[in-house]
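Below are two complexes that have chain A in common, paired first with chain B and then with chain C.
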Partner chain A sequence: MSERRRLLGPANTFIPNIGITSTTEEAVKTRKRDEIRKFFLKTGLIENANGSAYLEADGTIVQVLVFGPRPIRGSFIERASFSVECKFLPHIAQPNEGIFNTGSNNNNGNYRTGLTNIEQKISSYIETSLLPSIILEKYPKSTIDVFITVISSDSIEDHGGKTTNSGLLNLVNWVLNCSSVALADSGIELKDIVSSGVVRLDKEGIVLDPQETGGEGIDGLVSFMNLRNDEIVGFWMEGDEDLEEKDVERIIDGCNTMSKKIRANINSYLLEQAS
Partner chain B sequence: MILSPAERSYLYDSLIQKPTIRPDSRAEHQMRPLEAKTSFLPGSNGSARIRLMDGSECIVSVKAKVVVAAKEANLIECDVDVVGFRDNSNFVSNLKFNLTNLLQQNFPSDYLRLTSKYSFKLFIDCIVISHSSYPLTLISLTSYLALKTTKLPLLVSETNDEEIAELPTFSDDWDNAKPIADYFKGKGKEFQPPIFITLGYVGSNLIFDPSVEEEQVLENGLIVTFYNNKVITPIANMNLAVNSNNSNFKGLNQTAIIKSIQMGNKFGGAIIRALDALIEQDDDNDAIF
Partner chain C sequence: MSIVIPGQYITPAYKLADSKIQKYYPRKGAILSHIGEGANRIPVIVATVVGKVVYHEVDEGSEVQLFLVSVMPKSNTYHAYEQESKDFRESNSISINLPKENDVVLVKITKINTRQAYCEILTVEGFGNVLQDSGVGANGELAHTSVPYGGGSQAFSSHQTVASSQSTLTSAVTNDLGENFKGIIRSQDVRSTDRDKVKIIESFKPGDIVRAIIISLGDGSNYYLSTAKNDLGVLFAKSENGSGDLMFPVDWQTMVDKTSGVVEKRKCAKPFTE
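On to the complex of A and B.
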């Protein structure tokens, strides 16, 4: 097991090829309403973390590091304490930052001292959703820390002149899936791998993994433990339309479908890793 | 941790009963009693204070400013300050995010428009002086009262400034100021700011407005929005017991989420009516202590 008390620089450092730009044109793909984006997933890229995962889905790139269980000093605790910190790289535009990150005193010009409101909200959602899946009782007197870096984000925040949180929910969906794979990679004991889905309910019905939607509608992000009777561990709905109970049912079912698709991909990846 | 293992187990066992047995003998849909005072800050357009029986206290002030509408990303800006927490802590940032999101999504800010160019911008400042349970409902109820009693000065200049550039001028007499509600009347709409209702999930029961002790044993928490007499988005789940080592915390099921919306639809109106009654009963006596 690697050194757990200090954060050392990675052993497998290499210098990136700076200055080489890719000239490939972005192909305009149209997906079916019930089709989700293809995503690239890789675990264990960072050697000095206990677990790590890297995920790419079109322009959304997320990296998650898991450190833990690390011993803590001081008083005895029965169960591990769990914390999540999500950061965007400084040049990445955060979804709707003009609205949510105003007046925060941690943005003084070139550097910032803490997380922005959007980063804090994402951190909380991930923490709430992953908390029920981790068997914290197995790790007394220790901490488990998850560090998320959003390397690139292609979230769309404007739908026909009205700002929505659709892009934020879509980003959080990929962050969550990546984080649960990183937790699995760390070898920390889990009840189940959490996976999630994001849908948009508009006049024509449910769209899985919405990217380019316009007009009114309700967005939903629901995270599940699919092997534990589809237990809902994370739930977040946004939108501007009237809300009926049957709409909520449809959104949860849609998210469940997407979550199971992603879970199947994660499962086959992890099986491949194990063999 | 504020409860011993025996206390936790006792409290949990009583909360999961059908019907639920709460330590203060409240029904599942009952909020804690509160005391409110409105319009007491002379320097603000609207203000309100709510105090709960356990000593929780929140003051909200609403101030209006004339801005060029095209230059503003949003016409409502919220700030939350919680005594004892850093402004950029996760706790305060989340409260602020939730409140901003609530008003951004559901407050019809078009009605704040003064002329074709200028508009009012509302600054909502919330200070939580003391709290024990998760203060989001407390903050949103106080801002409901503050917004409901906010008065904006009467515009005396022309509303059409497309051809002649003119700065808006207002009546000098504060007695002519109109409550925000009056700006809505002409449009055939009732002014009712959105509120958050906090629900705790335990066993298969949902309880409104959980107290700090109840939060320690909850299996999950839900935040639902109530606006224009029905439940609307944003709705989210969260761990209400902040900084606690809550070993009961687990997932929800679909039935619980649907039930939370049904309960919100059923009992949310009563909360709004109670708050409106509070505003009517509030005497003009300036003593606030």
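On to the complex of A and C.
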């Protein structure tokens, strides 16, 4: 007997093969070690958000919406409260899914009720990084909410059973840059636009914007306010190798170089939009 | 006119031009920030929004030239923006027009009781609407990403489920979609004379459009407003609790419906001074 309480599709439907990796050859990495991939950026695509930005970098596609300042209820708050929520589209494999045991968050396997661990980690990194740049005192009794949707992500595959973190950090890097632009688009007052860079320290040295996952090395993601004395607002390192102080410095310097390049691109985009 | 973006340096706070000292103050869309290290650390006016730089010279008659620097967003449509950017005393100004103390606002009365009238703030006079309705429900644009715990048409975000809440107070709960900033007009703030004899029902009715001034940011939910001035009070009202026609003021406490002739009591505004 057919289920009558639910709206089912016609009997002869088939499920599309979403999420199956195509067998095409991966593009060979041709960038130099100090070269950054090109990215596409656009603001204001979503009309009913106060600010929005869309970013594409190779297979990584991110969309960020900013709502606010919008009213709260309850007791008085002097500064705006700021929250970030990062979500992956359901069919996207999340980085390190196996390690973080994403599946446990499913409610009887039907739908997700909250954020997965990896989404939580990304959200809190983005919030920590953006928080120093926002002038919250100017918006009493309000909330500013940032919603991030990861539409596609290409750097998240397991390579020969060995998972690395450069895919994750790479993704977070683009998420952060996109969020900053969305905030700037919303007209909320910012001390500076936050931008970030991601590097990989391997035996040969620093690789900017690493694309290959796997292999030995330490990955670093550092966020800056580049026009505000290069203040560091976020710092994330992954890897299980010994690290010396000078290595950390090299990672920070590498990230700063990349961050400045991205910032320059964001600057010229925003200026072009405004004029 | 130069275009700037957040973080961009506009000018140092002090400058020497033609052997005269120039001092710059940040206004809307700009802040004072210290750039550089050690001995090279200097105060700089920095932009906080994307927009056009506007300088305004303040004539103080002194040897030091004073300038106010503000950044006007391109999308800006507010009449009072330029005025406010020139206001020397206004230091706490913000580029998005959240209502603040001493702002004149237009409100719509939503409900009344014997002690106070509740209202919703629609616009800040001279600055346009307070907030575009930027709500996206779970049924809307983002429905495919995930459904909130209760499902259905509640706001996409509830702070209980948002992961990162280092700066979010638990008391901060967002309003429902489409809800605006709200206010209260207490009976003692309706008029400045005979304040203890004010009856709310003879001053406002739900649906009235009222011009009021903000006297306090109030608590989390409500601003506190006052109409205790001649130019503040009801601007538009319909008779018979809204079922009648538009009424016109006869004197400061009476309005008349010109089609039916019904007379009702209101605390009327006299917006135009002769």
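Keep in mind that, in the parts below, the second predicted complex is superposed on the first by the 231 of 275 C-alpha atoms of A that agree within 3 Å, B and C clash if a C-alpha of one lies under 4 Å from a C-alpha of the other, contacts with A are read in each partner's own complex, and residues count from 1 in each chain.
Keep in mind that, in the parts below, a residue touches a chain if its C-beta (ideal position, glycine included) is under 8 Å from a C-beta of that chain, and two chains touch if they have at least 3 such contacts.
Please read all numbers here as calculations on a predicted model, not as lab measurements.
Once the two complexes are laid over each other on the shared chain, residue contacts for A:234 go to chain B alone; chain C is not touched.
Comparing chain C and chain B on the residues of chain A they touch gives the larger count to C. When the shared chain is aligned, chain C comes close enough to touch A:270, but chain B does not. In the overlay built on the shared chain, the residue A:252 is in contact with chain B alone; chain C does not reach it. Within the superposed three-chain model, A:12 lies out of touch with both chain B and chain C [touch as defined at top].
By the touch criterion defined above, A:123 reaches both chain B and chain C.
By the touch criterion defined above, A:76 reaches chain C but does not reach chain B. With both structures placed on the common chain, the touch criterion links A:135 to chain C but leaves chain B unconnected.
The contact surfaces that chain B and chain C form on chain A in the two complexes overlap at residues 77, 79, 81, 113-115, 120, 123-124, 127-128, 131, 136, 225, 228-229. Residue ranges of chain A in contact with chain C, taken from their complex: 46, 48-50, 65, 67-77, 79, 81-87, 89-90, 111-115, 119-120, 123-124, 126-128, 131, 135-136, 138-143, 145, 147, 149, 184-185, 187-193, 225-229, 267, 270-271, 273-275.
Here chain A touches chain B in the complex through residues 77-79, 81, 98-100, 102-106, 113-118, 120-121, 123-125, 127-128, 131-132, 136-137, 163, 165, 218, 224-225, 228-240, 242-243, 245, 248-249, 252, going by the rule given at the top. Those residues of chain B whose C-beta lies close enough to touch chain A in the complex are 73-74, 77, 79, 86-88, 90, 93-94, 96-97, 100-101, 104-106, 222, 230-239, 245, 247, 249-254, 257-258, 261-262.
Considering their complex, residues 3, 5-9, 29, 31, 33, 35-37, 46, 48-51, 73-75, 92, 94-96, 98, 131-136, 141-142, 144-147, 149, 156-157, 159, 161-169, 171-175, 179-182, 217-221 of chain C touch chain A.
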